[in-house]
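All chains are identified by letter, namely A, B, C and D, in their written order; residue positions are counted from 1 within each chain.
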Amino acid sequence: MQEGSLEQAHVHAPPQGFIRKYIFSLDHKVIGKQYYALALVAVFTGMILSWLMRIHMVWPEAKLPFLEWFSKNGAPGGIITPEYYLSLLTMHGTLMVFFVLTNAPFAAFGNYFLPIQIGAEDMAFPRFNMMSFWTTFLAWVVLMLAFVIPDGPPIAGWTAYAPLSAVGRDAGPGMQWGASLWGLSIAIFCVGSLLGALNFIATTLDLRAKGMTLMRMPLSSWAWFITSCIALLAFAVLLPACILLILDRHAGTSFYIPAGLVISDRLQPHSGGSPLLWQHLFWFFGHPEVYIAILPSMGIVSHILVNSMRKPLLSARVVIYSMMSIGFLSYMVWGHHMFLSGMNPMSALAFSFPTLTITIPATVLTLMWLGSLYGAKIQINSASLFALGFISMFVSGGVSGFFLAQPSIDIYLHATYFVVGHFHMVMGVASLFGVFAGTYFWFPKMTGRMMNESLGKLHFWLTFVGTYCIFMPFHYLGLIGNVRRYQSFVDDFMAPYLGWHKFMTIAALITGASQFIFLFNLIYSRFKGKPAPENPWNATSLEWSIPSPPPWNNFGAKHPIVYHDPYQYGVKGSKGDFVMQDSPEQVVSASGD
Amino acid sequence: MSSTTLSSISSQAGALSKTRHVTAQNVLMAQRSERYSSSGIWVGVFAITMSFAAFTSALFVREGTGDWTHLALPQVLYLNTLLLLASSGTLEIARHRLSKEEGTRKASGWVLVTLLLGLAFCVGQSRAWLDLRAQGVFLATNPNSSFFYLLTFLHALHVCIGVAVLVYLAGRLLASHTTFRLGLFRNTVVYWHFMTVLWVYLLLLCRMKL
Amino acid sequence: MTGKHVVCSVVGMLALSAVAVAGPNPAGGTVSGKVTYEGTPAKMKPIDMSKEPTCAKMYTTPPLAETVITGSGNSLENVVVYISAGAPDDAAPSTAAVFTQKGCRYIPHLLAFQVNQELKIQNEDQTSHNIHPLPKLNREWNKSQPPGTPPISEKYDKAEIFPVKCNVHPWMHGTFAVLKNSHYAVTGDGGSFTLPNLPPGKYTITAWHESYGDQSQEITITGSESKTVNFVFKAKPY
Amino acid sequence: MGKLLAIVLVLIAVLSAYPIVSHMFVLPQDISTHGHAIDEQISETMVEAGISFIGAQLVLAFFVWSFSGRKDDRPLKNFPGGARALVIAAFLLVGTEILALGVMGQKAWASVYFTPAKPDDIQVQAQAEQFAFYFRYPGPDGKFGGIHPEKIDEGNQNYFGLDPANDVEARDDIVSGELVVPVDREVHLLMHAKDVGHSFYVRELRIQQDFMPGLDLSVHFTATKLGKYEIVCTQLCGLGHYNMKAYLNVVSQPDFDKWLKDQAGQ
């Protein structure tokens, strides 16, 4: 205690001035919004890149003059060159996986709501928090630089397999400086994410309000906590991998590059490196990364579903344990990305089993959501629509995992559109549905204004149907052996199926365009939306016990004391059919059960 | 201990005026920051451990392939090891002094000794690199040298960060007593000891494998 | 087929170089000669284009590799003969040197042009080619040229002879000979060459071949005489 | 609006399943001895995955239909059996499913990777490079010449870096841009990567294997039907990846011998 008084106060006074308030702010809420904004920019960039790829794929002769203006070498005469197609592909993957799927559901919403949901005034290390965002921002800038340098963006895909990614100029356009920027950007991103994860864990462990036991944390907070544990491990491994890659590229070392490679007629001055090493390190990060993307959305969706069902989940505990076991298993399965890479065939079986095993907790989760829906009073609004859509997407994307988890089937389906459809649905669309749901749900709290419901619903219908139209055909084309990452289909046998590709492209254009409805809704509601009450959804968790938007120190004068589990719905409360976590009143269960 | 004080403070805090409330919170946050930062540093230590574990596994994989040779470690490394071990000891003394409230002057002396030892270690490491360069062994000469430069450099980098923090803390100690950040100091001690352990591990790894 | 093209291009070159120096000194000496080989040259194998059906179907019998092209009387084609010393550097002509990709081959196989002369590269195939010259002194670039895209226009500012390849079609290998002055020729069918309009002076004439390396000879021109210089390369079976 | 979602979900389930059940998309014919095991495995999994997919979507649709927008007077109900029942069900159903698939899948995998190549097989070396495949047959002497990367001269058709001047074994090696194999004979494919990672994929053969630079792998297969099939690269290898292909030409034994003779003649 005596020593405690020696402490300099950690608490920060209300920030003064524009810079401290909105740019280099220590406030987790501002930082959360900054992450969200960055993800928003990244996701629209990535989406437009995917448009360009889809268009080029089905209309190779299409001339895109504005693209020639943007990159003369990339699109001479407005026609996308093979290498520029791969540049678009690489940047699309990198932007989406790192700057959207890692930032939006985890860093953005986590930063904003984790401290509030556990009754803390701020993150454990506000300065680290600020650093983590600006590091991530720097990573994004470095990556974007690849677009403007004459060399162009890298063409090695977001997995950047060595030695293609490690040998430099000879590997092709974009591989001299573009690829270096890529490696640097990812390394920086790792640092930012590590700082963030550290902050999340410390905050969850130590800053919980009185009475907020771990088991009383909302499921979203649980998801962010588990995710930060995964992220800490994953990015701590990707960072070394990137350092080795950069050394191979610029310091002449041979970690990944074996001897005797002749690329572009040049004998490479390396010896003894192991390309498999990169794949191992990368996928040791890469597979957990899938769960870094999807787990927060699972938590957010559970959090929102319970609210719109007006009744508790069948068992929050089971949901938590399922998410934990998914996080745990995610570290035993990286090899299933490498079944055909030349590992010992025995290890394929060793990796296949845990991969299949992940379906058990995943199924349990799904059944928990479905089972809880039974006998509920589902309130349909944009948020709950996206939450329900998430379940549908998660199942659709999940079942295709059955195929890919089996090495024998992988012999046929590996690197086909089946894989692309699988991870776009389960990792991309599903977790983005979580983000959409979260946005419609929390926007009132973050801005003090409601979002436009009818625009939200329109956005849902177009997105929901649209994404199925885009990604279901991926699976079919995979079954007939349509190989991924091809800029055009010179294969004779593809001719009869090009119609499907056209269909997918048109679906992609429409679905993508409908995202601008969402963007408009965001901006419009931010300024013109109708004012939001403190607790518009009659929700129970702590974020709804404070004004919208929250004051700079979240709970102002009072320090919340938690009396209940997070989801006291369907009960007789003073305010209605729910009892808030911080209200001392007794919980009286409603009639029925 | 803190939950009771926490509640009592929070209950009274409501009544207090805005300004008073903030000061009340200072105390509150003081205990909190004591607690949270302690778990924070361990999380950080875990992350660093993971990274070096990744490097280690990379080393084992690389060892399996063709051109693995042998690297004669510069003798100065053993001297550096002693320096770092000693620095851990002196920092331990400083921590002891401080917690026994024997005035911060004595403690500050030991902190200064520690950071000087830390600096000496970094200088010694750079000496080791120079020795190797003198023998014509560079980063890209062979996989062994690559790993040696990489691991030692990254470790030295972490030590430098520790030194920087110690400089800051020593400044605080010498300046005045009341604004000394004990929590930060405790974390730095953990971090510093971890750096020593990590170095011993790295030295053994290099001896056995390189 | 390519033989004809080489001839055309050589004729083009000669006309071009003639124009280039016609101005100051119309009457000059002429150096002509023949490039031959001795020994047994490697047997050129047919190029397997099965990977690129759109190109493969353009040939009734698969074309042979063009590394060593021999003619009657041991004559050697695709040898660039130029003045490596003694002549002043010339300004680049305004006309562009044209390099064509047709049937997944380079036409001409060896393209000689001057420093800072415009180099125009065009793709007449239905498939996307990738032009990757591998210079050591000049700036390296590597561009794809899908069908329907405009010709690529480039310049080189240092004299150098270097290979050019297509990454997409491994068999596509050619040569760029970037030369200081306008006095050069590429041997065609029959292996003969002519360097007209040489002002009086002492010159070093160099002949360079893709796989047999280069040879040089000293020669002095006085007035408007005609001299003959022959080169003989050693051919290796492998 | 809940009802609408239910209807859409049902439509999605039905329309997604239709192209599969109506055989709009079928695997290309299988021309290998081991392929049927993989195909069975796929159709097996298709049934199980299909059932869980349609089941889940329909249940979701049904619940959304009947429990959305309810009047508040009807009491809340809990799922009969509650969480425990569902967890147990998940473990039993999915567990058995996993075991079934896992065990069956091992057989298919073993048929490709755990059976040693037959002694009478034909040895062919496949080299993957940016952006083509080249195949090398040992020639009359039955021996492959050594590979010398510094000797590679593609303009001169020396794709492997052979050294015929000093290496007698290399002189009679046959290098071809297409993979010609006799029908019903086991082929042992020795895989060598010249530059970066590539992959060898023949849909009809149900064979896919990466080329790993610095690590020479091998696969063996037996083609059972005459014909020309496409070999494509499935590992992103650079700007020409989409156009990196070759053809597998399965011919009768006599035709194969004749082809070898012709090639040797060149």
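The rule we apply is simple: a contact is a pair of C-beta atoms (placed from the backbone, for glycine too) under 8 Å apart; a residue touches a chain by one contact, two chains touch by 3 or more.
Since we're looking at a predicted model, the values are computed, not measured.
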Practice item. Average the C-alpha coordinates of each chain, average all protein C-alpha coordinates together, and give the chain whose average is closest to the overall one. Key: A
Review point. Quick check: more C-beta contact pairs in A-D or A-B?
Key: A-D
Check your understanding: Where the centre means the average of the CA atoms, what chain is farthest from chain D?
Key -> B
Review point. In whole angstrom, what separates the CA-based centres of chain A and chain D?
Key: 29
Point to revise | Where chain A and chain B are represented by their mean Cα positions, the distance between them in whole Å | key: 33
Check your understanding: When the centre of a chain is set as the mean of its C-alpha atoms, what distance in Å lies between chain B and chain C?
Key -> 65
Revision key, fill the gap. Per the C-alpha centroid definition, the whole-Å distance linking chain B and chain D comes out as 50
Check your understanding: Residue numbers in chain C touching 2 or more other chains?
Key -> 127-128, 130, 144, 163, 165, 167-168
Study note, to complete from the structure: Among all residues of chain B, those touching at least two other chains are 65
Study note, to complete from the structure: Expected list for chain D, residues touching two or more other chains, is 129-130, 154, 214, 238-240, 243, 245
Check your understanding: Which pairs of chains touch each other?
Key -> A-B, A-C, A-D, C-D
Revision key, fill the gap. Chain A residues touching chain D in their complex are 81-83, 86, 155-157, 159, 161-164, 167, 171-173, 257-265, 267, 272-276, 309-311, 314-315, 318, 340-342, 345, 348-349, 352-353, 356-357, 359-360, 363-364, 366-368, 370-380, 385, 388, 391-392, 395-396, 399-400, 402-403, 406-416, 457, 461, 464-465, 468, 472, 476-477, 479-481, 483-493, 570, 577, 590-593
**Study point:** Contact set on chain A toward chain C in their complex
**Key:** 60-61, 73, 76-77, 79-83, 169, 172-173, 264-266, 490
Revision key, fill the gap. Touching chain A in the complex, chain B uses residues 1, 3, 5-7, 9-10, 13-14, 16, 18, 21-23, 25-37, 39-40, 43-44, 46-48, 50-51, 54-55, 57-58, 61-62, 64-68, 99, 101, 139-140, 143, 146, 150, 154, 177-183
Study note, to complete from the structure: As the complex stands, chain D meets chain C at residues 129-133, 153-157, 159, 164-165, 176-178, 238-240, 243-247, 266
Exercise for review: Please name which positions on chain C make contact with chain D in the complex.
Suggested key: 42, 45-52, 65-67, 127-128, 130, 144, 163, 165, 167-171, 173-174, 210-211, 236-238
